[in-house]
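Below: one structure in structure tokens.
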């Protein structure tokens, strides 16, 4: 079976301004060789701390950025080669849509909710007539529980939750196969977040839309996603089914992340404190594990060789020399 | 430190651009400089051609530019056709007059606008706040040459308290021995208080005219930046830590508010360099601005060229100074 | 604009206009100045150019409201007639620099790269001259005509619009709604024209309205020095220059009335700018 | 609790805005005991931060305190004059803010900022202040404190900036620390470190903490008691475990069901119906949750219910509690 979307060794390096005239500009390795598989109708959670490259990866996948290197296959066809401008006019643009983090900033303040939702449909479904357009916009609004009476309003006349709905309606109006969500609930109150999460899950179940859900909140990801990808400094450090990763995190970073989540649930992990700051993503060393300096189980080997992302169990991968040790050596979660 | 060095380096291409623009503008001046001599009926076509050659005007433009650049590097700004003097000499004589006036005006403007703007920001909505706003709006609306004339009318003609607006000194007084070229300072050096008072008296009206013009942007910026800083989160932290009002206003708020104010000061100073031209004209002040206007009317391009270069040069130096001052206040800017 | 947006905009306008009585005065005076500019030729009691050796340098009277000048011309007529020319120069210059500047600024801000660097450098050079000095030199170089005053004023102002438009573009280019438009299949051109430029309009209009007063001052300053407008033409700057000679001898009206006209016009434009800022600034609309 | 450290009584605060008067706080009462860690929980618009700012006297110009008392060790903070207040805050009570970077003066070294507070509240020579500054940095476990004391906020990570914020707040060993969303915007791993630091230091210094947060899970992990706020009202106050296990106010119950970390599957997640009432309304209902509530009774609209000075162990402002 071909995956809906597959990334192979995807890289994005940003050239920074050179400090002195004529010196070589340093490069920021935002995404540094990421492999990713999203199957049709599947929800994949992408987690990691701020600056780990998850936002850049989500923009590569939604083709807002051109990858520096690597392949991006949509149903087996490489769409990474097309420039963003060319891709914007291609047939496939419709299939990958995105929902943004800040519901205020991502809505054109001069467009009414109707125009906001209709805009992608106008561009990507050019054959749809006026009546057809209205029907689609209203259907999308209904699908996200946005009262039709609100369609006339401007963004600043809507509440945060309503704006978030407009953002989702706009993404689903062209019937995409994959929805990329960049922290869509981080600006919302918990009570609103709950409805948005349920809405997304419903869209996935009922319409078979695959989700790439980017978040720093592992609890949210746990509820929504069946697969989890954990990133650290531009690389995938662990991935696999979410139930397994929650039950038994293999990478020390994943363990730290899980243990840090405040929870009332019994049997939580013993807190692993991560002191210090992450290494710099600017021109990082290729012969050192990127978790060096913060890792609780760091050894000499970690500072001389970069661990590869390897298969730990079927469907379960980890990037750590000592993952097995971590699995057995520490108490299990939940 | 590297930040400051880089900033200094970045001024070099700008300086080059300034020289190029100055050269190009003055080369397209409608009056062929040689025509100036043609007004003298005893001159023949050959004579004019000879003048053209001696000025290098027969050569292609790029070559002229190189010659011009070469002259500049030797501190040669050419000769004034109308006075026959070297432009450099003319400027050396007139620049102190302009500088003295501009600095006095600048200090008056700062002395009034900063306390006013800060007081307004500390009590928004108060009488002083409204006053500062009226001054700011009125100040940007006042054409300097009209303000100057009104001041002359009231203080010279009606009240008779100001001296006649005819330059730097009463014609019956002797100028002080030249040390700095600034009459007030030179008079003080010479120990002649009467002369100092006379020089200052002549300067007050033009300086106030210019200061009024500079007051508006400075007051506006002082008020706005102080208001913004006072509303920022670290002021809230300082208040919540119980720091004294004095400490909060002086050490926390004012120093931060100073950053945009210093930038505005630099810009205002450069605006004043432009306004100089008008004020000197109104008060018959023998400065570089008045000289430049005369040169334009006489189609005398070398002084105009020199004037533009000197003004832009001062402007660049002022901007660099502002940047250095900002870097000294703000650790973020120097790294 | 949708109906509800329209309604809201009207509400904001009403709020701003009624909220500050000064704003009503500003709008009223602005309309008055416009009317004078349009209707002046048919309003004035005397021919502004007609000299009359019998009535030189007379003070304000019932016949000559603002008095007469050294050639016996009616100053009131000249001040009124001058409105049109001064306004035209200012509007012309501001429109020109706003249009050209914001287009250049928007383009380099959106695409960045080489042209951004090159144009920004040129802007730095232009801004290294004191504005008035540069305008002065340009009029001297291009020739002593009204059109050249307009061009010089426009060029001198260009850097501000380029910078403003470029920086606005830089900020907005990375905003979520631009990314959203791209995901929604919009190309560069559509993003520029439908999303970015309409959203940049407010700061540019504010800048232009504030700039208007400055442009009037700049043009009047040039003609005060004898550049641009030539002698018999009624123009505020030149009239102040002519009257300056008589100030020291007490014939104040020759210079003061055109000077006041200039001051009031600029003051009204500046008040207008503040009012427009209130109306257009989105932060006011929460 | 016979003698609470802090007692807020019937605090009512309005904000005057150009769009009308907003009734931000209405009759807010609660208290905080010695050495206690209390969580003040609410969604945006609940008034939790306004409560904190009222206590510290840092409300902005638009705010009007209509009525109420804030008693600190029996003394009314609202009645203090300027200099009394300045001697009190920073020394007896202090606060840390949500955005650690902007809460610090960007152009003053972090050491100087700590020293400013020390110099203000403790009479000491410059050299002593210096030593105490370094101690304060050590206390919040900043590596290499001598060098870091000369650093500026922009040179430090968000986590380190928040430690500086804590060092400033705890420099004079206050009796009360208000932590206003101290870890919102920080990474979850940093959040854990910062929260542990706050808890441990508070325990060491016997400082009471008011943790203001929207994160129920976070509060429940660190706090002894929880105060739940909704639309400017305190709706429920009780020990943490009791509230989590047996919420009595319908709002609390619904809030808990919308928290992802408290449920096992997405199906269990429930959203709260409706939205906050517009706090500018003149006809605000007595119970500001009434219009969203499925347990509403006629009496809810007929009569006002005061939570009163909430001294009961488990207080709930509801006519028909669960």
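All chains are identified by letter, namely A, B, C and D, in their written order; residue positions are counted from 1 within each chain.
In this text, contacts are C-beta pairs under 8 Å (C-beta built on N, C-alpha and C of every residue); 3 or more make two chains touch, one makes a residue touch a chain.
What you are looking at is a predicted structure, and each value in this text was computed from that prediction instead of being measured.
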Pair exhibiting more inter-chain C-beta contacts, B-C or A-D: B-C
Chain whose average C-alpha position is farthest from chain A's own: B
CA centroid of chain B to CA centroid of chain C, Å: 24
Euclidean distance of C-alpha centroids - chain A vs chain B, Å: 56
Centre-of-Cα separation between chain D and chain C, whole angstrom: 52
Chain A and chain D, separation of their C-alpha mean positions in angstrom: 32
Residues of chain D touching at least two other chains: none
For chain B, residues contacting two or more additional chains: none
Touching two or more other chains - residue numbers and ranges from chain C: 286
Chain B partner contacts - residues on chain D that touch it in the complex: 56-58, 60-61, 82, 85-91, 94-95, 97, 99, 102-109, 116-117, 120-121, 152, 154, 165, 168-169
Residue numbers on chain B that touch chain D, as the complex places them: 124, 231-234, 236-245, 247, 251-252, 255-256, 259, 329-332
Of all residues in chain B, those that touch chain C in their complex: 13-15, 17-18, 20-22, 25-26, 28-30, 137-138, 140-146, 149-150, 152-153, 156-157, 164-165, 270-271, 273-275, 277-278, 281-282, 292-293, 296-297, 304, 307-308, 311-312, 315-316, 319
Residues of chain C defined as touching chain A within the complex: 1-5, 8, 175-177, 179-188, 190, 195, 198-199, 282, 285-286
Chain A - residues contacting chain C, complex: 59, 62-64, 84-85, 88-89, 93-94, 96-98, 100-102, 105-110, 112, 114-115, 119-120, 123-124, 152-154, 156-157, 167, 170-171, 174
